[in-house]
Each structure stands twice: as structure tokens, then as C-alpha cells.
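Two complexes are shown next, each including subunit A; its partner changes from subunit B in the first to subunit C in the second.
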Partner chain A sequence: MTLAELPLLQQLLLVLAALVLFTSFVLLEQARLVSAIHAFAWQGALIAAITVIVATGGGAKHLYFSALLTFMLKVLLIPWMLHRQVQRLDLERHTQALRRPALVIMAAVALVVFSYWLALPMVAQELTFTRNIVAVSLAIVLIGLLMMVFRPQAVLQVLGFMSMENGLFLAAVSTTQGMPLLVELGVAFDVLVAMVLFGVFFLQIRDSIESLDVDRLNRLTETVENER
Partner chain B sequence: MTAVLLTVFAPLAGALVLALLRSSYWAGWLNVAVAGLSLTASAWLARSVALDGEIAGLSFRVDAFNVYLVVLTAFVGLTTSIFSRPYMAHVRETQRTGAGGLRVYHAMYQAFMFTMLLALTTDNLGVLWVAVEGATLSTVLLVSLYRTPEAVEAAWKYFILCGVGIALALFGTVLTYFAALHVLDDPEAGLTWSVLYGHASDLEPAVMGIAFVFLLVGYGTKIGLVPMHQWLPDAHSEGPTPMSAVLSGLLLNVALYAVIRFKMLTDGSLAATTTPQLAGYMLMAFGMLSFLVAGLFLHRQRDVKRMFSYSSIEHMGLMTFAFGLGGPLATFGALLHMLVHSLTKSAIFVTVGHATHIAGTQDIDHIRGLIRTQPAVGWSLLIAVAAIAGFPPFGVFTSEFLLLTATMDAQPWFTIALLSGLAVAFAGLFRNLQPMVFGAAPEGQGPVTANMLPVMTHLALVLWLGLAIPPFLARWLDRATELIAGGHLL
Partner chain C sequence: MDYLLTFLPWLLAAVQALLYLALAPLLAGWLRRIKARLQNRRGPSLWQPYRDLYKLFGKEARVATTASPLFRAAPYIVFVATWLAAATVPLIAVDLPTAMVADIIVLAGLLALARFFLALAGMDIGTAFGGMGASREMLVSALAEPAMLMAVFTLAMTAHSTNLASMIDAQLAAGLVLRPSFLFALGALVLVAIAETGRIPVDNPATHLELTMIHEAMILEYSGRHLALMEWAAQIKLVLYGALIANVFFPWGIAQSTAPTALATGALVILLKLLALAVALAISETVLAKMRFFRAPALLNLALLLALLGLLGHVILEVGS
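So, the complex of A and B:
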């Protein structure tokens, strides 16, 4: 079956999923902190939209609720909290360009290809559609990981972490119509607590190294131990 | 059922009360009381499981495998809380943290116990994930409790690495659910472990194989498997010592428990394919690598708590390897090793806590003459390290002996690696230990007030397990073995 033969609703979902992947790339390359936060909010909004579409397309009713939850958490609350943190830490005009952008973007592209390859054996024939979404969400998770490796700045690392979380949520919504409600609530709670703790850590890190460049957190390694 | 609820939710209630309680003096005692309540309830729970088989309901499920871990968790939680009361008072006196810090400490201690017990008793794989992530969240502030640059760095590393790891585990959980939905009619039951286990042979093998890779890497980060172990020595060495004791003794076990539950599903799913042992082989590879690498790293440590955290990685590697090996003998040995390692390692961390207070530093080169200064601490450390290194007649010897026998049986070539790994680790521990306990004490080093009761209790239990495993415990372990490996040992 080709993509064009899929029902319209599924095609729409694929387009949105592709857009989510696109925001992942935007997030990866964004130099300004504030713009990166906006990109993250857009990603959350797209995922909330996907959730609503899956719900109208005959999915479980509790998906409306999780769409609302995603919207509140990922589009409003977390970006707002990050914004406030950034303001409080006086980083609004902070820019930090990606080092070796070509290499990192190539790596991200490679990760997308890898995700498709990994999703390949997972399909029973009828699941062309599912495979695409699984691959896209895995790619988002891995790009989030890449971002945490290559952006040694605490706020950007948190954004990478949260976008991994977005990828996981996308996987759950589109392949399995969402996890059971109890689990989804638990995950949302954990994410929220994690965000509060991240805020605490921004302050602690700044107090300890006077910046949020976590590259400078390098006292604990195996090799320099003798000098301590 | 009441017993389950009381065991799990007493710590949660305790955490809430402790968060509000201002007096750190009473908080220390309340902490002990809540841990004691939880232990009493877990003993009651163990008794009902012994009588009735398994207890299930309200998405909790307690069987032979997790009940002994529940009792172990509650027990180590209690003894560590007994140790932590005077220890944290001393920390407060030396100005390393303030009253607010202690309040966070006590509340988070019980919150951590709650997440551990919830992870062990729940039947829902999603809730299991939420609880394990909750364990990270509740301990991360404790790692940075002293606010030194090193502590903040360790906490950040811990947070980020475990956060990423656990995110991958969630992806694995989603894939498991995806596989389950093709088999089960009721989507709500798709993450219930007992239902999935009943249908394990129908689960799509390709999906389960990939899911297990993600789950192993994810939860493996929390077990401290090499190469995802980077956070572990840092978090253990920079956090308060009672935290190191419960992290090493309990958290690592719970993460391993999660992996084993998923391995049981994956094995069922892959049974009919060409690679039925896939999950086992992966566990063996990661386990052996961790075991050998951590053994070597023991030699170059300068920080005493760091050294013992590498020893934890080594032992977790050994258990992971044994569970991968499969078969009743190896599984029985691994279950026993989980038990004795927890008891011994938490005893070691408690003793090390006293030793660092005596010497005023964690630097191995500056901890000297413990036996001269305070014989109780010095001898306890010596005996506990002898136990963890696998000397008879302690329980660690028994379990390692079982594991070696099982390896000899199933994969003879690995015996060489195991034996040399054990020798390397032994040498690494003792070259550092010897000058710490013997040797001349520096001028002006005096004894501290130390409550050695928890250590003595743990070591006595480990000794008892080495000499004769009590019949009821052997039956428990045997039933757990039957559950995991599909065959009796006894």
C-alpha cells in the first residue's frame, strides 16, 4: 500500500508527525534560548493536535483528556516555567551556537534513517502507517538524546530531555492510542516534578560555577582525581 | 491486601508529615518509626504470601520473587534510618547542611522508600516505570544536599543520565504495550504484568526483542551497568552516606528486578524463534563487562565511597550475568546474591560513614589506623569487606560459589573470567583497605559516637546466610527460582 492510499486522517497524522520531527531539528540547531523554548512549545502543540486527531478517529475517549494534559503541560506550563527561569537567570539574550552544526545535523539525519531501519521488522504488513510513526517518534527520542550530548548548556539539555519525553508520548499515542490513563497521569506527574527540580538545579549550578554551561562541571572524572 | 497497602503507603504518609515537621530532632525519630512500621507490615505481608501463595488486587501483585525484595527493602530502610539519625545530626553540627536541608533529607528518604516499595509491588509495568523514575526524582536533591560544586555536578549527572536512561525504558514499555495490544482484547490490561506473562508466547517476537534492548539499556542505566554507569560513583560519593547505603543496597536491586520481569516476558515471546536466548545473552554480555571493568576500576580509586560504589557495579554485573545464564542454579544463586550483597554493602557504607567522620575526609590516603582509633568501626569495616570480597563463611561466598558452579555447568569458559575478575576485585579492595584499618592513626584522631547495631545486625545475618540458609527463606528463594527459571532447585 502506498502512502497516498491511506485514509485522509492517517495522512494528516503523518504530515503532523513529520512536522514534529522538523521541530526537533529546529530545536537541535536553535542558538537563542528563548527561541528554543518557543520551538519546544510548538512541538508540544503539534503533539496535542495529533492526540486530538487520533481521539476523533475512533481512539479511546481518554485521549481527549491526555491531549488537554499535554497542552497544559508541554505548551503552557513547562515553557512558561522555563521562560521564568531564563528571565530570573538573566539569560534572555543568551545565544549559544551549535558547535560543528554540519556534523551534528548529519548525525541527526543518520539517526532518522537508523530509526526507520529499526522500525522495519516491527511491522506486520498492514502497519505501514504505524511504522512511520514509530520511526518518527524514535527519531525524536534519539535527536533529543543527541541534543543533550551536543548542547552543554543546562536549559538546552532540559529542552532535549523534554523533547525526548515528547517523542515517547507521540509513540504511545499513535501506535497504541495512548497508555492507560493511570500510567499517563503518573508520567505527567513525573515530568512536572522533574521540571520543578530542574529549576532548583539551574540555581544550584549557577551558584556553583556561575554559569549554566555544564561543560564546566568537570571536577568529577577518573583521571584528575589525584589533584582534588 | 491491607499489608501491601500499609507497607507501601506508610512511607508516603511519612514523607508528607516529615516535609511539614520543623524539628529535625523529632524528624529523625519519626523517620525510624515510619521505617519500622513499614518493615512490620512487610513481615506481615511475607507471612500471608507464605501461607496463601500470592496476593493480587488493586494492580498490586506480590509473589515469591518480589516479597523477599520487599522485606529486604523495608529492612535495610529501617537499619539505615537508625544509622542516619545520629549521622545527620552530626552533619548538621558540622554545618554541612542546615535545618531546611535536613527536612528535605527526611521527607525524601521516605519518598524514596515509597517509590522503591511501589516499584516492587505493582503489577503494572507503567506504574513500575513511574516509580523507578520517581526514585531518581526523590534522591537527586539528596545527592546535591551539601551544595559543594562536586555534589551539584554529581547530582546533575545523575539526573540527566538516569533521566535519559529511564526515557529509553519508557520507549521499551510503550513497545511492550504495542505488542500486547495485538494479543489482548482489553487495552486496560495491556501493561499488567501477570496478564502479559500469561500471553507471553503470543507476543510479537520482533517487537519484544527491540523493546527488551531499550528496557535493558534504560533500566540498566539505573543498575549501573557499564558503560551507562558513569553517574553511579559520583552520586554515591558526593551524597550523604545513608543515601549511598540505600542507593547501593536497594535502588540497584529494584532496577535489576524490573529488567528480570521484562526478561521473563521476552523469553516467553522469543521461545519459538531461532534466538530464544537473546535476552539472556544480552544480560550476560552487559553483566560480564560491568563485572570486569568495575573490578579493574577498584584499583585506581582515591575516594573511599567511590571505591565501594565500583564494588557495587561489580556485584550488580555478576548478578546480571547470572540471571542471563538462566537455569535454576544460577537464578537461585543470583537471588541469594541480591540479598547478601544488599545487606553487606549497606553495612559497608554505614561503617564508611563512621570512618569518614573519624578521619574527617573521604580520601583513602588520609583514612588511617581505624582499628587503633575505634576498634568497633575498624573491625566492622574489615569484616564487612572480607564478606563482600567473598570470603567464607559469609553469605556472599555461598552465592558466588553457586554462581561459579552454575557457570561451570553451562558456560565453562566464563568460569575463568569470573575467577580472575573476583581475584582482581579482591586485590583492589584489600590494597586500599589494609592501610585504612591497620597502620598508625594520625595525631589527634579520636573516636566518634557510633551506633554499630545496624552493621552488626547486617553482618550477623550475612554470616547466618553463609552458614545455613533458614528453611523458610530457602523455600521462598526456591519458589522465586521456579517462577523465573521454570524449575526447582531444591
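So, the complex of A and C:
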């Protein structure tokens, strides 16, 4: 089965999946905090669109609901909360470029290849074309992890974490018509609670080390006192 | 009659190559006019680039005393190489006899040849501007070329050929197929085209400010017919990239036979496509500011990343089990 034989809706699904992967790269490389939050919101919007398309094609009615949930949570609520937090912490103009952008991007590309290799036997088992998205969603999870490793800024780490969750959700939607509604609700609620907790943590970290650069947590308090 | 049938496609190929020459100043004039309109100016007439070329061809070519023969030869080499490269890109019809050489790697090679001589000519006189422009041009092209080739390989993997004509044929035969790899390759190729033709985020074609110019710095010492050839070559290069993007990604409307109606439609459609692309370019040039030169590698890295994602997207998403 080749791409040209698929219905147009499925082709659109693949295009959107590729775009989600691209937003992951944008998120990884973005220097400005506010733009990174916007990129995250776009990723959420694309995933909501994918969910709607899977719902119209597959006939699983509860997917409409989870698309709505994703849209409300990942496109509107969480970016808005992050935005407000960034405003409150006075970080709106904060920029922090990656230290070795080319190397990190190459590492991310290597992760994409790796996840393709991992997903290969899974794809070979099935004939459904959308199973190919498994590799993409795995790559999104791994790139989120990479982002948490390479970004010392706390807000960006949270974004990396949230995009990992996006990757898992994409995998669930594209392979098994989504998780049961109860599980999905639970996960959404967890993410929301995590977001609130992260907000509290931002303030705490900020109060104790006067910065959101979590690398500085490794140092002893005394050295920080001396630096002042 | 047989004689005519073998002769006609060659005639068409020659007409197509001449069309590139004739269209190039028109596109430049149209682009300038749209930009002027967007900036609330009236702008020069559409035919101004033709008048400029005519004027320059009439003028005496002054050459610096330190110039070597290479300096005199470079405009001809640059012009012919660019024109030859343009002649390989199908403009109004696909299945012409030139399709045999219409390989995209040949195209990249011819453009590289033109660029090489352009940079040599820039350094030949020994002025600071020429050398600076040449070094900048080489930096930009060294970063743009891998991105371009990668984007092209993405397309080639779908068409199973690096031949432009068979790529277009494959695209036409498949009909409307949404391919993630094409989307990324299009993005990469647009960025490369902007960098290679010296348009705004990378280079400003309208400035002679020493800190920013790249292409203008290299041809600063030229005058008369030499300058005319260099400018014409730059205009042809713009049409070449426009035709490449328009015909490879959106080939619908191009003539697939040598019937007069098909050819007329092909000519009309490509003209409209090029004019539309020029409008898009003018809008992006009006909206965007020229970036610092040392930010240009970031833009070209993005092009490379897009091309790479296109390649991976093709392998992961499009090659079915």
C-alpha cells in the first residue's frame, strides 16, 4: 500500500503528524520563552486536529470529546497559565539560546532515526498505514526528554515534559483509537495538577536562588550567597 | 513531415530557453513594482529593467588596470552557465529533448560553476569590497547547497529519479497527494532560493551599503555590457528558482504534449504562477527585515533541518509496509 492509494483524510493525518514533529524541533531550538509557549500551543492544536480526523475516520465517538479536552487544556488553558506565570516572574523578554544548537538538533534527528528503528517491527506487523505515526510519537517523547536534559530553564523543562505527554497521547490516538475515556480524563487532570504544582515550584525556585536556571540548584547555598 | 516532427521539440526547447532570457527582466520589474506599491510608492515602469539592460549594453565597459583576463571572461561564463542551468528547468512543456540533461544535480553543478566564477571575479581586482562579498557569498552558498541537495533528494526518493522532467511527470501522474516530505522540501527549497538569489532576509538587492551587501559587492567593479550580463544572470537565476519551485511542487497546467493549445495554456499558467510567487516574495520582503549576516547560518540551518525532516518523513510516513 502506498501513500497515493490512501484517502485524502489519511494523507492529511500524516502531514499533520509530520508537522507535530516539526513543532517539537521548534520547541527544542526556540530561544524566546514566549515563542516556545506558542510553539507548544501549536503542537497541542495540531494534535487536537489529528484526534478529530481519527474520530471522523474511525467512528470512535469519545475521541471528539478527547479532542475537545486536548484543545481546551493544551491550546488554551496551559499556555495561558504558563504565559501568566512568565508575566508574573517578569521573564517575558527572557531569551536563552541553546548552547550548541547544531549538535543538539543532530542529536534530535538521531533520536528520530532511533525511534523509527524501534517502531519498525511494530509497523511491519500491521497493515494500517497510520501505525507509522508510532515512530513519530516516540520521537516526540524522546525529543521532549532531550529538551529537559539540555534546557536548564525551569519553564522550558516544563514545556519539554508537557510535549512528552503530547507524544504519548499522539501514540494512543493513532494506534488504538485513543485510551478509554476514564484514563484520558485522569491523565488530563494529572497534567493540570502538575501544571499548578509547577507554578508553585517556579515561585519557590525563584525565591530560593533568584533565577529559574535549575543548574544552579546543584551548587551549595553558600556559594550563591557569596555571588550576591 | 518526419523531419518536422523531430525538429519541432528542439525548436520548442530553444524557444523555452529564449523565454527565460525574455522573461527575466519582466519578473524583476514586476517584483520591484509590487514592492514599490506595498511601500506606498508609485515605482518604476514594468519595462524599466529592459531599459536598464539596453542602456548598459550601449555603454563602454571600463575595466580596472589591475584586472586579469578572468575578470573580462567571468561575466560571459556566469551568464552562459546560469542560462544553461535555466534551460534545463522545464518552463512551459515537460517532454522536450532537453529533458535528458535536465538532471537536478547538473543544475546544481552549473549554478555552482557560475557562483565560482562570480566569486573569483569579485576577488580579481583586489578591492576590499569584492573580497568581502566573495567570502560572504561562499559562506552562504556552502550552507545553502547541502540543504538544496537534501531537499532535492527528498523529491527524488518519491519520483525515483533525479531528472526534473520525470519528477514532474511522476507528480502529475500521482495527482493531488498530500505528502509531508513535499511540504518540508518546499519549505527548505524556498529558504535556499531566498538565500541563493540574494533576497531580503539574507541579502538586500537594492542596497550599496558596504556592511550588508553580498552580491552587489562582487559586481561593484563592473560596468557597461559586463554589468548588464551580470545583472541579467541574476534575474535569470530568480526566474530559474521560481520556475523550479512552481513546476516541481505545483506542476498542474504545464504542457505535456506539443499541441498548440497545451503550449499556450502552459505558457499562461507558468506566467501566472511566477507572478504570484513574485507577489509572495514582495510581501515577505516588505514584512521582514534584513537579518544580521551572522544570523544567516541559522536560517540555512533551518533549511537543512526542514530538508532532513522531509527525508525522514518520507522514510517513516510514506514508505508503506
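The working rule: the second predicted complex is superposed on the first by the 211 of 228 C-alpha atoms of A that agree within 3 Å, B and C clash if a C-alpha of one lies under 4 Å from a C-alpha of the other, contacts with A are read in each partner's own complex, and residues count from 1 in each chain.
Heads up, the rule we're going with is that a residue touches a chain if its C-beta (ideal position, glycine included) is under 8 Å from a C-beta of that chain, and two chains touch if they have at least 3 such contacts.
Note that the coordinates shown come from a computational prediction; the quantities given were computed from them, not determined experimentally.
Annotation: superposed three-chain arrangement on subunit A; subunit B versus subunit C shows no clash, the two fitting side by side. Put simply, more of the residues of subunit A are touched by B, taking subunit B and subunit C as the two choices. By the document's definition of touching, of the two partners only subunit C reaches A:Ala135; subunit B does not.
In the superposition on chain A, contact is made by A:Gln11 with subunit C only, not with subunit B. In the superposition on chain A, A:Arg88 makes contact with neither subunit B nor subunit C.
By the touch criterion stated above, A:Gln157 is placed in contact with subunit B alone, subunit C being left untouched.
Of the two partner chains placed around the shared chain by superposition, subunit C is the only one that A:Val112 touches, whereas subunit B remains out of contact.
Shared-chain residue A:Ala172: touches subunit B; no touch with subunit C. Judged by the touch definition given at the top, the superposed model places A:Arg100 against neither subunit B nor subunit C. For the overlaid pair of complexes, the smallest distance between C-alpha atoms of subunit B and those of subunit C rounds to 16 Å.
Overlaid on A, the two complexes show subunit B and subunit C touching the same residues of subunit A, namely 124. Subunit C contributes residues 174-181, 183-184, 298, 301, 305-306, 308-309, 312-313, 315-318, 320-321 to its touches with subunit A in the complex. Contacts from subunit A toward subunit B in the complex involve residues 60, 118, 121-122, 124, 134, 138, 141, 144-145, 148, 154, 157, 161, 164-165, 167-168, 171-172, 175-177, 179-180, 182-183, 186-187, 189-190, 193-194, 197-198, 200-201, 204-205, 207-209, 214, 217-220, 222, 225-226, 228. Subunit B meets subunit A in the complex at residues 59, 124, 126-127, 129-130, 133-134, 137, 140-141, 144, 147-150, 152-157, 159-160, 163-164, 167-168, 170-171, 174-175, 177-178, 181-182, 187-188, 190-191, 204, 206-207, 210, 234, 238, 297, 300-303.
Against subunit C, in their complex, subunit A makes its touches with residues 1-4, 8, 11-12, 14-15, 17-19, 21-22, 25, 101-102, 105, 109, 112-113, 116, 123-124, 126-127, 129, 132-133, 135-136.
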